[in-house]
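Scrolling down, you'll hit the structures one after another.
One chain, subunit A, links the two complexes that follow: it is found with subunit B in the first and with subunit C in the second.
On to the complex of A and B.
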């Protein structure tokens, strides 16, 4: 249990650290939401100063940080100047979209990559395995950007799949939503696949080369049983840690794919907030994505705790 | 498979690519900003041989005009190739302003590749300093430094990049934007090399020969310079081959999202952003060539990283 408590504490430390750092940086940033209005001759300097006072932008940093923390406690995450409302509901609207994409891509990616990785580790140095390796290298090098643009252009050209968004106008059934999911999930899964397969392969081959596997083979344990009963549980360990780590790259890829396909997730909200200098939203998204990543790693830690008796000791 | 697993193949891809990009002023037939307003979205110019290469002139609608013939000339006007005016040669077609995409891909590569390489140098420098300091002095300094570094891993990398970019001015000159880009991108991803170098330093400090040197009165500066830094070379090299493609991709992504070096200076990400009109993209598919250039560069670097890592760790 001490292990879990330590991991939990560690996660909390990271969240607080990120919040302090990002708050500091947002304070150092040149310009704010009202900077764009400064060049407008109809808005006087006094009006701007009044607006800033009204929204508390002129108060000292620790006070603003404390106010912000309090608003997180209420679930508000600060006040968005661009949307004229608390950030919390904006985030709540977008979180399911991002979670749906990343969740589906994670599930599909692991479902595909574990068998592929085991297969390629079991038949090392054969030509089908070598060609799989080449395909994965190529896949790894295709920027998700390019893949998404090409797929979207293809979808528009052939008209077989919708090119963006969550729903077609006037339709809200499950089939329609599923059709909208195809392109974003495909891009994310194909981006995740090469990384996962490589790691599964190296974890399994490492376990296959371990002395215990050789000893088991020498005792005449059948190959299939050796692979699934003896080697795989050992190889699971690094893979569980990878699950937490892969979440970071997946969330990043998801941001890009969401922006490209107009998917209502955190990505477009974040990008718009950056261009509008709406720091409350920026901070909110930063905190949420950090929480996702830490949560993912925490799940990985829990699984590791269950799977590996050495940690429990 | 020795043929595929060789370093030579990766270099055969990377060296020419970097060569034409560095000498874009010579290999590109046009300047990156030169507009041919009469020929927007012209298809790649067909090169014909009889037996010397020549091209046809272009009509107003960017179609070939078979009545006009221009010889393709090499080493013309200080460029590698070109035609006599009024002929044009657009190897990869033109964009909406009639700018030659081939030339723009070459010039654009300068920003993308330079960002990748300079940012890698910057990240490795931070990582080296951080890792060696933490590992060499150990104790509470080590704990504080490595905990601090973890904060940079707490965010998904693209979120971290965008957040860092969000807190910096939006409208800046291309040179400022480039420096800013390098600084931001380099600040993401230095933690991994820092961790590896810290681990190496920790184990080196306990080596008998380092302890002996310390017992003979070697100070920290001498020990680090003489015994630790030379040993980090392997890690730095493999990390560089991992970081460069990652950073090139980061630059392309940021610029694509409109947060990098802006017009009129071309870069692969910015050019891809122009290709984002899905409804017309299929009719001028050559707008995607900056993406293909990115792909080829990444392929070269990923391959190089694989080979270098495979040498260190033959199991993979």
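On to the complex of A and C.
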């Protein structure tokens, strides 16, 4: 229980730290939402100043930060100048899309990489394993950006899959949405896979090389039992911590892939907000992503706490 | 006719072929050459010798972990009745298994007994090696070095073996603990006519436990003498050298 409380406190501190820093950086960036209008001869300087005053952009930084924090408390997450409304509902509308993508990719990535990693640790230095390693290295070196573009081009060429969005025009059924999910989820899973397989492989082979595993093998313990009863429980801990980390890297990859495939998640919202200098939305997405990341690591910590008695001691 | 010995080894040889990584063969390594000996029930044979003399290869051949190149090993008993305890037995225990799980595992693999029977058997064996029942549900990584030594012995004992091969299993302990474990081994032997093959480079320890001592060098047994009166009967120069190096025997 004390462990849990400590982790929660730690997470809260991290959130506050990220909020201060990102608020500061957004303020340091040159220009604001109205900078575009400055070059428009029809808008006078006085109008601009009035608009800035009206939206509180001229107030000192600490005051604006305090106002922003208060609006987070209300669930508004600030006021979007581009959308002329609170940020909260905008986020709420987009979060499910991103969660669906990252959730599917996480589940698929782990479901594939755990058996692959175990298999490759068990078949070290054989040619099928060597070829798997080559394939994974190639996958690792291809940026998600390129992979997404290649798949989209392929989809357009062959017409077998929709090339973007959530629904085809005039359709709103689950099957159609599923078909739209294929490309973004594939890209994310393939991006995640090489890293996960490598980690699973190294954790399992390390446990396989431990003296107790050699002794167990020499004692004639059947291979299956050796792997599942002796080796895997020991290899599990580093993988659990990796789970939390994988959520974070997946989230940032997801934003990019969403933009490319026109998926209605946080990604396109984030990109538009950056271009429009709509900082309230940018900050909202950053805060939500941070919260996801911290939440994911917290889940990993709790799993670790359950799995490893040494942490409890 | 005298009873058949528990273990008969005749003309055992083991050669390792080496491959160079760029192809072709490196010179062969002869680890064992024409090794012969017999071991009776309830006796202890110590195999001593310097590093690289083939002691561990012999143990591994006996336990079936290596296939000998030629020669014969005859063991009058089921394979499972020969148990091997490794170097650093403490490291050979799965850190996440409880003491009970460690001891019960050979029975599980053999498919012997119901859960409750196995548990009872584990309790008995732990008592035999001098471990209290309170360690049964403790994970092996939480046990002390001495307790893990005893647990490794208990793991070998649980299948009721006739022969236990100790491959440098009780070196690297402090002297007091070594004495305790040696005492335990002698105690177990007197209760159930167990036989031991003790692989060691420590002649003091070997002389204290064994009835016979075989001295190995470059894969051959160069001399085999009774442990009692070793100092006077031993004639081979290597044996004399080992005696001179031993602390207790030399004095």
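Note that the second predicted complex is superposed on the first by the 313 of 313 C-alpha atoms of A that agree within 3 Å, B and C clash if a C-alpha of one lies under 4 Å from a C-alpha of the other, contacts with A are read in each partner's own complex, and residues count from 1 in each chain.
Everything below uses one rule, namely that a residue touches a chain if its C-beta (ideal position, glycine included) is under 8 Å from a C-beta of that chain, and two chains touch if they have at least 3 such contacts.
Since we're looking at a predicted model, the values are computed, not measured.
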Given the touch rule stated above, what does A:41 touch, subunit B (first), subunit C (second), both, or neither? neither
Looking at the overlay, does A:271 come into contact with subunit B only (first), subunit C only (second), both, or neither? first
Which of the two partners, first being subunit B and second being subunit C, lies in contact with A:159: first, second, both, or neither? neither
Looking at A:212 after the superposition, I want to know if it touches subunit B, subunit C, both of them or none. Which is it: first, second, both, neither? second
Contact-wise, after the overlay, does A:222 reach subunit B, subunit C, both or neither (first, second, both, neither)? second
More subunit A residues touched by subunit B or by subunit C? B
Could you look at A:234 and tell me whether it touches subunit B, subunit C, both or neither (first, second, both, neither)? second
For A:251, decide between first (touching subunit B), second (touching subunit C), both and neither. first
Once chain A of both complexes is superposed, is A:286 in touch with subunit B (first), subunit C (second), both, or neither? first
Determine where on subunit A the residues touched by subunit B overlap those touched by subunit C, and list them. none
Using the touch rule from the top, collect the residues of subunit B that touch subunit A in their complex. 1, 4, 147-148, 150-151, 153-159, 162-170, 245, 249, 252-253, 256-259, 269, 272, 275-276, 278-279, 281-282, 285, 288, 291-292, 294-296, 298-299, 302-303, 306, 315-316
Touch list for subunit C against partner subunit A, complex: 63, 65, 84, 86, 88, 91-97, 105-106, 109, 139
Taking the touch rule as given, give the residues of subunit A at its contact with subunit B in the complex, in rising order. 13-15, 17-18, 21-22, 25-26, 28-31, 130, 134, 137-138, 140-143, 145-146, 149-150, 152-157, 163, 202, 205-206, 209, 247-253, 255-256, 259-260, 270-271, 273-275, 277, 279, 282, 285-286, 289-290, 292-294
Over in the complex, which subunit A residues touch subunit C? Could you list them? 211-216, 218-222, 225, 230, 233-234, 309
